[in-house]
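Note that the chains take the letters A, B and C in the order they are written out, and that residue 1 is the start of every chain.
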Amino acid sequence: MQGFASEFNHALSLILNGDAELWAIVLLSLQVSIFAVLISAVIGMPVGAALAVARFPGRRALIILVNALMGFPPVVVGLLVYLMLSRSGPLGVLELLYTPTAMIIAQVVLVTPIMAALTRQVIEMLAEEYSEQLRSLGVSRLASVPVLLWDARLALVTALLAGFGRAIAEVGAVIIVGGNINHVTRVMTTTIALETSKGNLALALALGVILIGLAITVNAMVSALTLRAEREGLRHA
Amino acid sequence: MRDVVTGTPGILEVSNLSITRDGKTLLEVPHLCLDGPGPTLILGPNGAGKSLLLRCLHGLIQPDRGRVCQNGVVLNADHKARQAMVFQSPVLLRRSVAANLDFVLKRQSMPRILRKQRIDALLAEGGLDGKAGQPARSLSGGEAQRLAILRALALEPETLFLDEPTSALDPSATQMIERMVLRASARGVRIVMVTHDIGQARRLASDIVMMQAGHVVEHGIAQKVLNEPESDDSRRYLAGGLVT
Amino acid sequence: MIPDFIRASVLAIGLTTGIGWAEEPFIIVQSTTSTQNSGLLDYILPGFEAETGIDVRVVAVGTGQAIRNSVNGDGDVLLVHAKPAEEQFVADGWGVKRFDVMYNDFVLVGPKSDPAKIKGGSDIVAALAAVASSEAPFASRGDDSGTHKAEMRHWGATGIDPTGASGTWYREAGAGMGATLNVASGMGAYILTDRATWLSFGNRGDLEILVEGDPRLFNQYGVTLVNPEKHPGVRASAGQRFIDWLIGPDGQAAIASYMLDGQQLFFPNAK
């Protein structure tokens, strides 16, 4: 481990001095994960709200399925997306494998169940509380969905941040479908994996520090939101 | 429909109403007719079926048997749109005080400028002026219930149902709400209010429905029911005895 | 807060439009971790890219996976080091033609304490046999990579089947070269590695080279164009240009000039 401290200092100075290559990697990570989380929200939140509000046969089974999908191993997701996007797969003609789009797709598959499950939970609790009042006001079940989504907005932003945390920290899926190609699909986690395999533990750790910094930022945002919610009495009982 | 001649809400009539759960009769009302301007107070101990009856009148619960009619017509969506209800614990949207009122006004497709004026008038009516921008869920218990009543009044209902709106409030908060209820009544809104507080019934009621164990045991003019109750159950309840 | 959040999202989408969906011509090369981790490709590729304007995108995985990915058509050029498997790849019709590119060599690395007493030898088979009989820890890739295939060939020559001892002194990492070197470094194990990865590896700990120079340790790299008749999407002409460059004078000279710690890592030998 001799020289570790100096190597680590070197890595930190790369970060602090805004090393262009390093920040390009960080930026790509953010772009891919933010995009993926937004798409997941657009798909997952209405699905979650529908599961919370609608009543149809098979609803319970669907909820169990969505909850189970939350724990889907990223490597398996990566493999499935790879098989879809491979030139010998059904979507091969789209030529998406080894592009940032492929990584976004993999992260969407990973994060959408989280969005749907958390949304379902939040909306179901709120719907229970609002149900009689909204019916009394003549709001139909369908029309109640946007009301519930809006009133659950703080909890949903929390869900969004949780999804982002999962997406940005994920390595197994994006390394398979992205290929960890330099300047094209190399993100923070795949760089960490690569530098670790090169034995450059200090640089890997320095990138880890950025990831932890992001995680802390995200969690600080969540806790600030929660605090605000408590102050305003917006907390769901 | 509002009665064209008198300007008062029409006759609300219940016939052969019954609700059973797990073989237990929760509500059994062969006949009840609310034809006065009110306020009508539904009085009785906990578990008497007061809230259940109120929900049937508002169409929130479909009875197992029987029906609710307004002016001889089975309660329909038009009737329900002219009713409003205030619940025991106010369910306020997680928005500002003004936005809670705006929510129902918007649903009536009221233009923005009118909505603004109406909200100001309502807030003044409920003594909530200056709280328009405050998050509704940060209001005190009394303020929250007043906002819930204002929101119900924003619908300009013919009939306003209130389910023990003051049961969790202190006397001064209760007094403010009772005044709001009386003012609404004076403007011609028919009030149907559930309470187990005999004093409240005495202060507000024009007529009283006494309930006991899922049955209406007595319905009549407040003075008469309170001072010369006909049924034993009423007598015992009004005497302050524990009716079980 | 909410408008802020929406603004941030819009901003993010705006940024995302800048994501590198570069439209310049590119090829995908399925290659091994050794070529990438040693820094060779980062060193030679800019020359080719400047000359042709073709961007070379390298997916660095184990040789086994690189070949499987190429069978699926998910690469235009295969650059790996497992000659029999590459020849099988061409024979099965997945590749057009295989060319020798260069070689480097494997070295047997182990702890300075050297419990199997093999230091200084140049007979890989004898050294492995000594490790087996001493039952000192040995870390294997165990991932069907080119290096793993080479290691298994040498074990075969000793007549010992180390997988029988899997989990005791013989540890199969099931990981890439670097990850397995990290394992070996952590537990003070012997390990067979390519010299290039070893020289560029930063976490050597107590490990050093113990056996080298056996001709059987030479590690031949070959390059093959993925067959466009099997996968019409293959960028055949750009891929062929890369191969022609790699086995031509410019590519060969670039390979020869790559040094790490003053040592030449790869020796061009295209015919």
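The definition used in the following text is that contacts are C-beta pairs under 8 Å (C-beta built on N, C-alpha and C of every residue); 3 or more make two chains touch, one makes a residue touch a chain.
Note that the structure is a prediction, hence the values are computed from the model and not measured.
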Worksheet item: What topology does the chain contact graph adopt: line, ring, star, complete, or other?
Response: line
Item to complete: State the chain with the largest centre-to-centre distance from chain B, centres being mean CA positions.
Response: C
Discussion item. I'd like the most central chain, judged by C-alpha centroids against the all-protein C-alpha centroid.
Written reply: A
Practice prompt. Could you please state the distance in Å, as a whole number, between where the Cα atoms of chain A are centred and where those of chain C are centred?
Written response: 32
Discussion item. Centroid of chain B to centroid of chain C, CA atoms only: how many Å?
Written reply: 79
Discussion item. Centroid from C-alpha atoms only, then distance chain A to chain B, rounded to Å. What do you get?
Written reply: 47
Worksheet item: What are the residues of chain C that contact at least two other chains?
Response: none
Fill in: Per-residue overlap in chain A, given as positions that touch at least 2 other chains
153
Item to complete: Report the residues of chain B in contact with chain A in the complex, numbered from low to high.
Response: 58, 60, 77, 80-81, 84-85, 87, 91, 93-95, 103-104, 107, 135-139, 155
Worksheet item: Which of the residues in chain A end up touching chain B in this complex?
Response: 129-130, 132-133, 135-139, 147, 150-154, 231-234
Worksheet item: Along chain C, where are the residues that touch chain A in the complex?
Response: 1-2, 5, 9, 12-13, 15-16, 18-22, 28, 33, 37, 42, 57-60, 69, 71-74, 175-179, 181-182, 185, 200-205, 231, 233-234
Item to complete: Provide the residue numbers of chain A that touch chain C in the complex, in ascending order.
Response: 1, 7, 27-28, 30-32, 34-35, 38, 82, 86-89, 92-93, 95, 97-101, 153, 157, 179-184, 194, 196-202, 225, 228
